[in-house]
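I'd like to ask some things about the structure below.
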Amino acid sequence: MTALLRRAPLVLPLLTVVIVLAVATDSFLTGGNIENVLVAAGIVALPGLAMTFCLAMGEFDLSIGSTVSLAGVVCCSALIAGQPLAVALALALGVGAVIGLANGLVVTKLGVTPFIATLATLVIVRGVSLAYSGGHDQIISSAGLKYLVGGRPLGVPMPIVLVVAATAAAWWAMNRTRFGRWVCAIGSNREAARVSGLPVDRIRIAVYVLVGTAGGAWGLLISSQLQKGNGQLGLGFELDAITVVVIGGTALLGGRASIVGTVLGAVLIETIRNGLNLLNTPPAYQRISVGLLLIAALALKGLRRADATAIATPAREAATS
Amino acid sequence: MMLKKVFVPLVAVGALVLAGCTDSNADNPGAPKDDKIVVGFSVYDMQYEFFQKMEKGTREAATAKGWEFKLHDEKSDENEMVTGAQALIDQGVDVLIISPFKPSALGPIIAKAKAKGVPVIVDDIGGGGAPYDAIVISDNAGGGKLAAEYMAKQIAANGKTSKNVASITCEPSAVYAARRNAGFKEAIEAAGFKVVAELSGNSKAEEGYKVMKDIMAKNPDVAGVFSCNDPMGVAAANAVKDAGKNPVTDIVTVGFNADPEALTAIKGGGLAATVAQDPTAMGALTVKLAGQALNKEAITFGNAAEREVFNPVLLVTKENVATIK
Amino acid sequence: MNTSLGKLWDTWGITAILLLLLAVAPVVTPDFFSLDNAQSVLRESAYLGIVAAGMTFAIASGAFDLSVGGQLALCSVVSLMGYAAGGTALAVAAALATGLACGLVNAGLITRLRVPPFVATLGTLFVFRGVAYILTQDGPKTLPYDQIGSPFVKIGGLNVAGLPLPFVIMLAVYGGAWVLLRRTATGRRVLAYGSSPEAARFCGISATRLRFFVFALVGLSVGIAALTYITRVWTADGSAQDGFELKVIAAVVLGGTSLKGGKGTLIGTFSAVLLVSVLNDMLVSQGVPSAYQRIVLGGVLIVALTIDGLRTRFAAPGSLRRAVTGQGGRTPRPGLAR
C-alpha cells in the first residue's frame, strides 16, 4: 500500500473524494455517472499525456486551447465541403502538427521563451480560427465523427479506449525508450544534455509537434461531441491540460514525469467537477474549489518534500520556486 | 542624478505623445453639423452571430437614412467598451448607439456623451441605471416564460409524468441571461414543475455538454432542460442524444437566441425549441430612435420609467422554424 | 555585438520601437495625435502599466504572479463596496489593503506551504475571482451615476496639465519602482535572487522575506491599478478583466525583462505597455476586425521576442546556463537526490 501511495500519491485524495461523494450523493456511484466521469477525464487526459512530455522537458505549451478550436473548425468545414471523414481527420491532426512544428521552430531556432512563444501562438491561432470560420458555427451531422466519443467497441466508450491506448504508449515512450530519457534529461539540464551530444533541438521540436497533434485530436473529440466547430471552442483549455499534468505530479521544472499521475490527475479533477455539479454547487464556489484543490495538492507535496529532506541542499527550495 | 537620466526620457515620451496634439474640437468646431450625420455603434462582440446581425441591421438602417456609420467592437471587454465608445464620442459622432458588454459600465460613457450633447441609444443587454435616451430591449424574462410554457405543454404531450426539469445558466456576470432563467423558473414552477438542477455552463458549448451529462446522471427522470443560450442548448441536446434519448420527445431541450445552429437543429429534430430575438430589427429600431432623439422628437416607450422600448421575442419550434431567417 | 550597444538596446530597444511607431501613427491614423485620442491612449494604459511595474519585480526575482487578474477583480469589487459604505477615503484604503492582503496570501502559500509560485498563484487566481463572484452574486458592484461629481470618480477622469491623472499615477509608480529596483539594497537583492537563488542564499538573503516583499509589492500595485481602473469603468464583478495576467506578463517580457530572472527593466516595461496600447489604438481606429487584431498583436510579440532571443543567443552564451522555463533556478535533479 505504501509503495502504491509513493508511486501514485493521488490515489489517496482520489479515494477520499470518491468516498465523500458516495456518501453525500445517491447518484455518484451509478454506472452511468462513473462512465461520465471517466469519459470526461479521458478527453482531458489525452492532451494531458502529450503535455506531460512538454512539462517533463521543463517547458509549457499554452497554445493548445486555440489548436482545439482551429482543428475543430478545419475538420467540420472539410466535412461540410464534402470531404471524406478520413481526410477531415487527417487535416485536423495535420493542422495541430503544423502549429506544434511552428511552436517548436520559434522556440528552438528563434530562441523565443516557450511561455511567450506559445502565448503568442495562442493569440494568433485563435485569430486564424475566428477569421477562417468567419465567426460562424460550422455545423455538421456526421455519424462517423460521432463515433470518436459515441462509439462503443466491445461495450467500452471510445474515449476510454483511446486514452488507455495512449496511456500505454506514453508510458512506454517515457519510461522504456531513449526518447523519454532524453526528454527528462533536457528537463533536468538542457546545457548538459546538449554538451553530451543529444539532439536537443530536434527532441524539443518533436515534443511540440506531439502536443500540437494531441491538441488537434482534442479538437476532434470536442467537435465530435458538439457536432460543430467554431472560433470560440477551447477557450482556457490550455490551463486545463497543464493543471492535470501538474496535479499528477510531473515536476513543473522538468526532469521528472508521471504518466499515470497525469491520468489520475484528470480523473481527480473531473470527479470533483462532477461531484460539485451533483451537489448543485453555485459556480462561484466551484471556482474556489478548483483553486484550493490545486494549492492543496501541491502544498502537500511541498511539505512532504520539505519534511523528508530537511537537511538537503539549500538549492532545494529553488526547485520549488 | 541618475533619476534625471531616466525620468527625462520617460517624461519626454509622454510629452512627445501630447506635443504634436491638436485639440480636435478647436480645429473643427461642430464639424459634423455641416454635412452628414455620423452615427457611432459600439457593439458587444463581433465574434457572435447575434451581434453580427445586430450590426447589419444598424448599419443598413443608418445607410438608408444617408448617415455615416462608424463601428467599434468591444470584444467582450469592459475596458475596451469604455475606451472605444468614448473615442467614438471624441471623434465627433452625432449620436451613439451601444450594445454594452457591461451595462453597469455605461456611466462614464454617458457622462461624456452628455457633456458633448450626444444622445445615447442602448441596444439590448441592459441600461445599468445610467441616463441613456432610450433602450431597445428584448423581453428576456418574457422569453424565459415562453420557453417554460412550451416545455410544460410538450412534456404533457410526451406523456411524461415526471415534474423534474433543469436549467443551464450563463456565467454569473451575464445579467441579461439571468433574466431568462428567472423568467423560465418562475413560469415553470407556476406550472407545477420543480427545477432540480440549476447549473452554470458559463455560456460555453463544451461546458453545457458536460453539465447536461451530470444533470442526467443525477436526475434520470428529468423531463426538460432550458439553456440560457443556444450554444449550450444545442450542446445539451447533443448530450441527450448521446445518452440515447430524444431532445424533443424524451427530454424537452430548449435554447435561447435562435442562432443558426439552433435553427438547423430544430429542423432536424435535434432541439425542441429556442426563443428568437430579432437583432437585425433591433438594430434598425435603434437607428429610428436615434433619429427621433436627434430631432428632439418624443419617443414612445414600452416602459417610460426605464425609457425602454420592447422588441418582441418569439418561440421557435419545428412548426414555425421555416419562417425564421 | 558590441556590449555597450547591446546594453543600450536592452534598456531602450523597445522604447526605440515605440518612438518609431509613434512616428508612423499619424500617417495611419490622422487624428492619432488629437488631444482626445492621445489622452485616451494614456488613460487606458495606466492600470495595465501599474501592475506591469509590480510584475517586473516578480519576474526579475524569477517568479510569476498569475493571480493578478483575480486580484484586480477582487480589489475593484471591495473598493466599490468601500465607496458605498464610506466614500472616497474608504474606497482607496479598501483597494490598497485588499491588494496587499492578496499579495501576502500568495507569499504565505509559497514560503510557508512551499507551493511553487506558478501553481500557488494559478490557484489563487481562481480563489480571488471566486471570492469576487461571491461578493457580486446579486449583480456587479457599480458607481451610481449620481456620484459623477465625487472626488473618487475624478481619479479616472481628471487631467493634470493635460496628462490624464491615471497616467500621472502610473508615472509616479514607475518613478518609485525605479528607485526601489535600482537604488536600494532591496532592489539589488531581488535581482540577485532572480539570477541565482542558491548564490543569493549563501550571501545571506532570506528567500522568505524576499518572496513576501515581491508578492506584497505586486498586490499593492494591483490595488493602485484597481483605483485607476474602476474610476474609469465604474463597475466590477468576478469576471472583470479575464485574461489580464497574460497581458501583464507579455508586457513585462516584451519590455526586456528576462523570464529567467535576474534582469529587470522598468523603462522597457513602461515602453512596452504604451507600445501595445498604441498598436491596439491604431488597429481599432483602422477598423481592423478583432480576429485580425489578434493575429497582428501575436505576430508583434513573436517578432519582438525573436529579436531579443537572437540577441541574447549571440551576446551571452553563459546566460543559457539556466533554462528557459522562467521558473527560477536550475538545480540538482530531485530525482537524483531522492
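To keep things simple, chains are lettered A, B and C as they appear, and every chain counts its residues starting from 1.
Methods note: a contact is a pair of C-beta atoms (placed from the backbone, for glycine too) under 8 Å apart; a residue touches a chain by one contact, two chains touch by 3 or more.
Owing to the predicted nature of the structure, the values given are computational and were not obtained by experimental measurement.
Upon removal of subunit A from consideration, the remaining chains are still joined by touching into a single piece.
Greatest Cα centroid separation from subunit C: this falls to B. Computed from the mean C-alpha positions, the centre of subunit A lies at a distance of 28 Å from the centre of subunit C. Here the spacing of subunit B and subunit C, counted between their Cα centres, is 31 Å. In subunit B, 46-47, 171-172 are the positions where the chain touches two or more neighbouring chains simultaneously.
In subunit A, 130, 135, 231, 282-284, 286 are the positions where the chain touches two or more neighbouring chains simultaneously.
Shared interface positions of subunit C, defined as residues touching 2 or more other chains, are 133, 137, 238, 289-291, 293.
Put simply, subunit B touches subunit C in their complex at residues 2-3, 6-7, 9-11, 13-14, 16-18, 20-25, 45-47, 71-73, 75, 77-79, 81-84, 86-87, 90-91, 102, 104-105, 107-108, 110-111, 128-131, 171-173, 175. Of all the residues in subunit C, the ones that touch subunit A in their complex are 62-63, 109-110, 113-120, 122-127, 129-131, 133-134, 137, 197-198, 201-202, 207, 238, 246, 249-250, 253, 259, 289-295, 297-299, 301-302, 305-306, 308-310, 312-313, 320-321, 323-335, 337. Residues of subunit A touching subunit C in their complex: 58-60, 106, 110-117, 119-124, 126-128, 130-131, 135, 184, 188-191, 231, 239, 243, 246, 251-256, 282-288, 290-295, 298-299, 302-303, 305-306, 309, 312-321.
Subunit A makes touch with subunit B in their complex at residues 25, 27, 30, 32-33, 36, 40, 130, 135-137, 139, 141, 146, 149-150, 222, 225-228, 231-235, 273-274, 277-278, 280, 282-284, 286. Listed in rising order, the residues of subunit C touching subunit B in the complex are 12, 15, 18-19, 22, 26, 31, 33-44, 47, 133, 136-137, 139-140, 142-145, 148, 156-157, 162-163, 167, 171, 174-175, 178-179, 182-183, 229, 232-235, 237-241, 267, 270-271, 274, 284-285, 287, 289-291, 293.
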